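Consider the two complexes below, in which chain A is the common component and chain B and chain C are the respective partners.
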Partner chain A sequence: MRILKMDSKYLKEFLESLRMFGKLYGPIWKRDVLTHDHVENVDDLVLDGEHTLIPVKKLFHPKRFNTMRFNEEGFTPNYSMFEKRVLIGAHPCDIHSLLRLDEVFLTDPADPYYKGLRENTAIIGFSCLPTENSLCRSTGTDIVESGFDLFFVDLEDIYLVWVGSSLGHDMILEKEEFFDENVTHADIQKYIQWREMRNDMFKKSFNFRDMPDIMELSYNSEIWDYFAEKCLSCGSCTMVCPTCNCYTLTDVFDVTNKTEGRRERVWDSCMFVDYSLVAGPHNFRGKRADRLKLWYTHKLKAFGGEYGRPACIGCGRCVDTCPVDINVLTIAEAFTSCEVPAK
Partner chain B sequence: MANEQQIIKPKIGIYGLTGCAGDQLVIIHTEDEILNLFNSVDIKSFVMASSNPEEGELDVAFVEGSVSTEEELHHLKDIRKRAKILVAMGNCALCGGPQAMYTGDGTFDTRVKQVYGDVDFLTKPLEGAPVDAYVEVDYYVPGCPVDAKQLFAAIARLIHGSSPEPYPHPVCHECKLNENKCLLLDKKFCLGPVTAGGCNSACPNHGLPCVGCWGPNPDGNFKEHFELLQSFGMTKEDIVRRIRNFGGHKILEYIKDL
Partner chain C sequence: MTKTQQIENPYIPEPARIVRHYDLVKDHRFFQVRHVDMKRAMSFTYNPGQFIMLSIPGLGEAPFSISSTPSRPGILEMGIRKVGKLTEALFKKKDNDIIYIRGPYGNGFKIDQMRGKDIIIVAGGLGVIPLRSILYYVLDNRDQFGRLFFLYGAKNPDEILFKTEFFQLKNRVDIECLYTVDVDTSGEWTEAVGVVTRLFEHLPEIDPSRSAAVVCGPPVMYKYVIQELLKLKIPKNQIQMTLERKMECGVGKCGHCVLDHLYTCIDGPVFTYWDTLHFRELI
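And then the complex of A and B:
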């Protein structure tokens, strides 16, 4: 992969130049909450590594939208959200989350909405430093090798820039004068020191690689009941998880006509009581303990069985968000210390 | 056949018992849909819109408000007899509303006397109660007031012979979709997790904690939520008092063992 060097003073002008490739999106502050949204002014971009409350999935798997209009003749899909976009400031964990979501949404038959949004969006990744609850070193998602068009590593006075696609190459070509092929020994040393400094900054970790087995062994554990008594079933963990992707579909009929309407798609959560409710009515996971067990065994084990590796990408948002401290850390700790015999 | 179906429009009645009439107002105020509704149904009775009601057989009756007088009780029973489907609409009809916040505290007669003294009422007052305390309810549309989108989605289903989609999720669902930081993390007294959602997290969107005005979320973990709020320094009595403001009759069964 081609790696270039850019003086930090060119950053703003370079990011501004990306507008010719699409509408700019990235993390900006809105009502005191960091959110991925349209960027009017590149000075508003927050590229220091802080996490958005809702992860980047929302730009590819919209929270709530109309998928189609239908009538007796058939249906017309709603692809009005497709536009050329350039997403700036994706962290390594964000990029990993998208690669994980690709497995779910792009496997044949692909989800046309996700596919359209993904194909029309360039990814400009940025390095970050760990937050209080970052776990990406535990999950092996603290660096990226693919999944971006350009990736910027911030070494203060310079950026090292990984070129990950031909589109990324075209972006560089537009401002070729900003980039230097000559990465020196000193630059490499600086990069290595930055990596070591970053590695030392992680405050928390968990035994991610042991979790598939521990989840399997703990399937009938009474520890699930302990967490179930605490869980508020608010669904926040799933909304803020970058790889949770469940949604529900509802047909909303026109008031004027019983055969016409729209189909609305909204993020759903396996923490909600009707998630596993089917005709009958039968509910496979009416109990809170069963809902929690589904989430954690899927996140830390079963997703891996289907797609090669478990779905947690270590962003730490569940640790930031759960009001009653149920998260990958507390779950990993409880099931490791109480259920699995000590080595 | 198609023509015939269009000619025979479903007969609808929209009624208000004791409440602020806010739910009926939502129907009138939903300019995007109100003409569609008038074109699609035959509104027999809707006193807020027309003072010439025709009280006969109904396909669907929507009832707002709590039953708070004997006269209202007779009215409700009469509506139930005439309606194939009865829908309770809004918190007062579903839970009893704020007028039911003292349900079960001593006797009702004592409380009436405390407030009104010795007076002759035009109709005998009853302790404010939800509609389903007296008659069978087919569907519930919660709210304070109801959400126009949710209500019209329910109306569209009902007048076309289908059943409305329930939304048994807490306020937190839409609160997170609206990208609000959780107020519980700042130790604010928020009732979001134990409150029925559908309001589009109206209060948290403005940094204000949920006061529970849509009534209890039946799936709410009341025990843990009370413990969490107590850990913020609130007394159980205060939590109970506040959750009863809008919890009416219905909240009692969820908090009885706490």
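And then the complex of A and C:
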């Protein structure tokens, strides 16, 4: 892969130039919440590594949208959300989360909505520094080798820029004068120091590699009951987890007298009590402990016969968010030590 | 985007016509449907054990097993129980009305592994709907299989589905039909009384390594039926069962049909008993 160098003073102008490749999206502050949204002004972009509350999946697997319209004549798909976009500021874990979602949504038969949004969006990654709860070093997702068009590593006065695709290369060519092929020994030293500094900044870690076996062995453990008693079934963990893909469909009639309306798709949560309810009514997972087990099976053990590996990419959002401290850290800790967390 | 035409969208339901319908028993109705597009109707093929997603615009979509056999192409058959919004609307439809379907989905039975073997079909209640597909498949390809045993139990005689059809099968010499009801409320029931596992007493001797079993029924039934099959020493990977989970997409995307780490809609709905030993959440 080609790696170039850019003086930091060109950043703003370069990002501005990307508008010719699509509408700019990235992390910006909106009503006191950091969120991925349309970027009017590149100065609004938050590129220092802070995490958005809702992960980047929302741009590819929208929280609520119309999949199709229906009337007496049948169903017509709705692709009005497709537009050329450039997503700026994706962290390594964000990119890994998209690669995981790809395994679900792009496996044959591909989900046309996710696929359309994905194919129309360029990914401009940015390096970040660990937050209080970052766990990506434990999950091996703290660096990326693929899944971006360009990736910027911030070394203060310069950026090292990884060119990950032909489109990324075209973006560079548009502003060729900003980029320098000549990465010096001093630059390399700086990069190594940055890596070491970043590695030392992680405050939390867990035993991700051994978790599949530990989860399997602990399936009948009474420790699950401890967590189940605390869980509020609020579903926050599934909303903030970047690799949660579940959704539900609802037909909504227009306010007319005719058979006309839309088939709407909305994020769903396996933590909700009615998630596995079927006609009968028979609920395959009425107990809270069973729902928690399911979630942590996916995050820490295995995910789908087709999709393979556990889905956690170590963003730490479940640690930030769960009101009663149920998260990959407390779960991993409890099942590794076979003890429930101290109060 | 103007390329709408070229985008493959597995979620778009295709129009199909209700060709015929009749009531099986109270609140259970039999439907024959055919794609409106005749070419599609004739080329549409599937495996016994697969299902389709059925839509009525405005009332949603749900999975239903295909009850017909691919050996009789052109028509899809389903047996449907009225339980809620979508099924109630479906029961209001008349012959020639249009509904929407997509599929077929799921893996279906592993027929290749069943060829040359004696086949034991064990159905409880509604479970007979998907098993009717494999039943007729075996009958239509009779020379490819060994002996055929069809065990079917319902709560009472009023709940026996496909009664006329299945009692006619009793006249055939190439299938052994064993039917039972938990309780005989009618006083006119001529077959066995008792739970479906009691029918195993009537099976002749079998060679377990040359036998394959398929099972479908209410969740409580599996445990007891499997015990009987294991007593006969049928290998665990030659016992297939079809499982039901909530489903929304049918193609492995929505997550609803999850069973341990598998998605029932793509990894199932047919699993061998051996498969199920590896996952913790069962039935």
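A few points about this structure:
Please note the rule applied: the second predicted complex is superposed on the first by the 326 of 343 C-alpha atoms of A that agree within 3 Å, B and C clash if a C-alpha of one lies under 4 Å from a C-alpha of the other, contacts with A are read in each partner's own complex, and residues count from 1 in each chain.
Rule of thumb we're sticking to: a residue touches a chain if its C-beta (ideal position, glycine included) is under 8 Å from a C-beta of that chain, and two chains touch if they have at least 3 such contacts.
All figures in this text were calculated on a predicted structure; none of them were measured in a lab.
After overlaying the two complexes on the shared chain, residue contacts for A:Y159 are found with neither chain B nor chain C. Once the two complexes are laid over each other on the shared chain, residue contacts for A:M68 go to chain C alone; chain B is not touched.
Legend: residue contacts after superposition of the two complexes on their common chain; A:G116 is shown touching chain C, with no touch to chain B. Between chain B and chain C, the partner in contact with more residues of chain A is C. Of the two partner chains, both chain B and chain C are touched by A:G261.
Of the two partner chains placed by superposition, chain B and chain C are both touched by A:T250.
In the superposed model, A:A302 lies in contact with chain C only, and not with chain B. In the superposed model, A:V33 lies in contact with chain B only, and not with chain C.
By the touch criterion stated above, A:F227 is placed in contact with neither chain B nor chain C. Shared interface residues of chain A (contacting chain B in one complex, chain C in the other): 250, 253, 261. For chain B in complex with chain A, the touching residues are 33, 36-37, 39-40, 152-153, 155-157, 159-162, 165-166, 168-170, 172-173, 176-177, 179-182, 184-185, 192-194, 218-221, 223-225, 228. Residues of chain A that touch chain C in their complex: 67-68, 70-72, 74-75, 77, 79-80, 82, 104-105, 107, 109-112, 116, 219, 245-251, 253, 259, 261, 263, 268, 270, 275-280, 282, 284-285, 290, 294, 297-298, 301-306. Contact residues of chain A toward chain B in the complex are 30, 32-33, 35, 53-54, 63-64, 229-236, 239-240, 250, 252-256, 258, 261, 266-267, 269, 272-274, 288, 321, 323-324.
Those residues of chain C that touch chain A in the complex are listed here as 1, 4, 7-13, 15, 55, 57-61, 81, 83-84, 87, 100, 219, 244-246, 248-249, 251-256, 258, 260-263, 266-267, 280-281.
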